[in-house]
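Below are structures written as structure tokens.
Two complexes follow with chain A in common, the first pairing it with chain B and the second with chain C.
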Partner chain A sequence: MLRMDVIKRLGSFSIEASIISEDRVTGLFGMSGAGKTSLVNMIAGLLQPDRGIISIDGDTLDDTTASIHVPSHRRRIGYVFQDARLFPQMSVRQNLDYGRRMNRLEPNADEQTRVADLLDIGQLLDRRPGHLSGGERQRIALGRALLAKPRMLLLDEPLGSLDVERKAEILPYLIRLRDETGVPMVYVSHNADELRQLAGHIVLIKRGRVIASGGTELLPS
Partner chain B sequence: MMDLTPDEWTAILLSIRVAAAATLIATPIAIGVAWLLARARFPGKAAIDAIVHLPLVLPPVVTGYLLLLTFGRRGLVGAWLADNLGIVFSFRWTGAALACGVMAFPLLVRPIRLSIEAVDRRLEQAASTLGASPWRVFTTITLPLALPGVVAGMVLAFAKAIGEFGATITFVSNIPGETQTISAAIYSLIQTPNGDAAALRLVMISVAIALTALIASEILARRATQRLHGA
Partner chain C sequence: MTASAPSRLLTLMLAALVVALMAASLMTGPAQFPFGSVWKALVSDQGVETIIVRDIRLPRTLLAMSIGATFGLAGASLQGLLRNPLAEPSLFGAPQAAAAAASAIMAFGFANALSIAVPLGGIAGALLSVGALVAIAGRRASLTVTLLAGLALASLAGAAIALILNLAPNPFIALEIAFWLLGSLQDRSMAHVWLAAPFMIASWLILALNAGAFRALALGEDAAASLGVNVERTRILVVIGVALGVGAAVSVAGAISFVGLVAPHLVRRFYGSDPARTMLPAALAGAALLIAADIAVRLVPVAVEIKIGVVTALIGVPFFLAMIFRERRVLEDSTT
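Presenting the complex of A and B:
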């Protein structure tokens, strides 16, 4: 379960949001500039709230009154960014293995094969990120985040930089991911169709505030 | 023309040893300082930046004299190092290396700092969410991506150290076999009657070393860049 109740000032913009979600996939919906990315950055630990708490499954990640701020590298929260952010100096295989190395997990060939099959990236392993299409890069970013064994996956407009065809290419993988991995996800989008297909619990964000939360019926048609 | 006397060989090899030691020891320090200047926010950053660049704008004689005052046998740091660790700089090749390292330091820091600043911080954030501590983010992402700048800085520093004259001669004098580098040897030869031919040979050698360093840096930088965006 994700709980967050935070206040954050960013220049003239401010965020005051309270979110509680027990669903497998929580969808944050809102226009660009509504503060969605700042919210997930706070969950990831890349941004520190001015005041408030963030916890996952009862485990406190931020609590400003108790001066708790778990740094991002100790949160075990996977993050798939809009721009895949693959490491250009590493092969696809090294990118995928990065989280395992950093978390000092045992090599697990079965797990790697399973994720590679899930995302159809087995044939790309020896390539460099510079030689991949946008859709391939995003699939590898997904695999890389999953193989770090996160307790939650944040997806910030993962289809945002892709054209319509590529979006249609990736969406089935995201649905498979949701159904087969069991890792809870927070999915950020300004596209109602994507969220309808993926998310169970919807949080509507506007100008840094939560204006409604509930089922997918909240999404504009 | 290229028949070098043993004395000339000594000066050449000493120069290479001094410059290599100066570059290798200064590089890790320069990487740390460059990272601080590029990424850290702390009070006094402008002062650190200024101190790093000081050897570039001070007369080399002044830098050499300050080194003598600090690291000389009777200098504050020099006396302590000699008494406690047995490290002596004055009139030794190690002192020449220290002088060269200090003089080359700004040339080393600048390209490294620029290349660290050019590393996409979003990649560092991604590494952090994958479980990399700040130190490992630095060693696995920032430093490898900044490598072309590190190589460029090292070559520049090496070339500078090979040619360093003013600070070295002020600090550790001009002792054949110990502190007489190519530049100091050329200087001595020019002042010696009939030393012109020998001086010219050493001039040719130093031109050759400088050219080789430049070509090597070009090749290394190209390879490093290829590796980053590479095939």
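Presenting the complex of A and C:
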């Protein structure tokens, strides 16, 4: 369960948001500039709230009254950005393994095969990211985040830089991820269709405030 | 991760070049020695030749090698941390700040030039300068903010030096400091090497240990942090590592500039986009550059030896201008 109740000033812009979600996929929906990325950055620990609490499954990550701020590299939260951010000089296999190594986890061949099968990237393992399509790169970024055994995955417009056909190609993988891994996700998008297919709990964000939360019926058609 | 074969060969060639230049440096001076007699003078007592090689040329060669490597590594590390190819210790006056602190200690007679207080002062000066830059540049600093902050810090260090010259107890001390500030490896002894080497080696170790973090930082600070990199700790360690190296180097050799800009840039294109893989080659290239510059100042036939800091600045500044010219599109974008 994700719980956050935070206040944060960012220059002339301010965020005051309270979110409670028990769904596997929480969708943050809003226009660009509404403060969605700042909210996920707070969950990731990249931004520290001025006041408030953030917890996942009862583990407190931020609590300003108790001066708790777990640094981002210790949160075990996977983050997938709009661009895949892979290492061009490494093979796909090395890229996938990177998150695991940085988090000092034991190598686990079964886990690697399972994630590679889940995302259909087994045939790409020996190639370099530079020669792959945007959709393939994004699947590898998802795989890298999963193999670091995160307690939560943050996806910030992961399909934002892809064209319509590529989006249609990746969405099934995200649905599989949701149904087969059990890792809770926070999915940021300004595309109502994506969220309708993926998210169970929707939070509408406007100018740094939560204006509604509930089921997918909140999304504009 | 393994380096590709051609780049490994290039690293070996750079290392061989450093060794060859060190040999040439031991052979060069008012009395030219062939390689054979230099070797003999190094390993056994050959009278005057041994004194010249071991006591005069060996210290300056070792200092040129280690100081060049220090600046090359410091430049590559700052560029990795700030993800900015123009980040260089001398652009924001770290050597000048170190020189100001070290010369204050000497000018006002707190300690003599070979006291441990001089490198410690230099390290403190460099720590202030590098620490302030990294603090101001902060997390997502634009190129413009970094360079403007650097300009201000360099001016401040310059003002501090001017103040020390102004207050110097007598004109001889002022003149001596002014010359020392130009940067030179002339008349250095093994005592200088022992004074600076431990700090420089510590700096190499600290910076090398962060190579993996620079690799991750190439993806952006947010991505690096989400992959498990402690960005805050990396930032602090780089500040300490650069300050240790630059402070110690400056306190024995005066202000030597721009090696940290030129060396990493010369090798970067051959090692791809991975900042971690550029570090060793940048250190080797820095060492080669400074030994070559130190040989060059001995070959120019003038009555007063040209200072090595003058040579590196004369090479480095046009190089810097050329880099700005080539990157001007990026620089223009970053102001909007």
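Convention: the second predicted complex is superposed on the first by the 221 of 221 C-alpha atoms of A that agree within 3 Å, B and C clash if a C-alpha of one lies under 4 Å from a C-alpha of the other, contacts with A are read in each partner's own complex, and residues count from 1 in each chain.
Assume a contact is a pair of C-beta atoms (placed from the backbone, for glycine too) under 8 Å apart; a residue touches a chain by one contact, two chains touch by 3 or more.
Owing to the predicted nature of the structure, the values given are computational and were not obtained by experimental measurement.
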Give one word, clash or fit, describing how chain B and chain C relate on chain A after superposing. clash
Which of chain B and chain C A:Y187 touches, first, second, both or neither: neither
Regarding the shared-chain residue A:N103, is it in contact with chain B (first), chain C (second), both, or neither? both
With the two complexes superposed on chain A, say which partner A:Y173 touches: chain B (first), chain C (second), both, or neither. neither
In the superposed arrangement, which partner chain does A:F29 touch: chain B (first), chain C (second), both, or neither? neither
Contacts for A:G78 in the overlay, against chain B (first) and chain C (second): which applies, first, second, both or neither? both
When the two structures are overlaid on chain A, which partner does A:R128 contact: first (chain B), second (chain C), both, or neither? first
Name the contact category of A:P88: first (chain B only), second (chain C only), both, or neither. both
Would you tell me the residues on chain A in contact with chain B in one complex that are also in contact with chain C in the other? 44-46, 71-73, 77-79, 81, 85, 87-89, 98-99, 102-103, 144-145, 148
Going by the contact rule set out above, which residues of chain B touch chain A in the complex? 120, 122-123, 125-134, 136-137, 140-141, 144-145, 227-231
Residue ranges of chain A in contact with chain C within the complex: 41, 44-46, 71-73, 77-79, 81, 85-90, 94, 98-99, 102-103, 144-145, 148, 154
Under the definition above, what is the set of chain C residues touching chain A in their complex? 1, 215-216, 218-223, 225-232, 272-274, 277
Interface residues, chain A side, partner chain B - complex: 44-46, 71-79, 81, 83, 85, 87-89, 98-99, 102-103, 128, 130-131, 144-145, 148
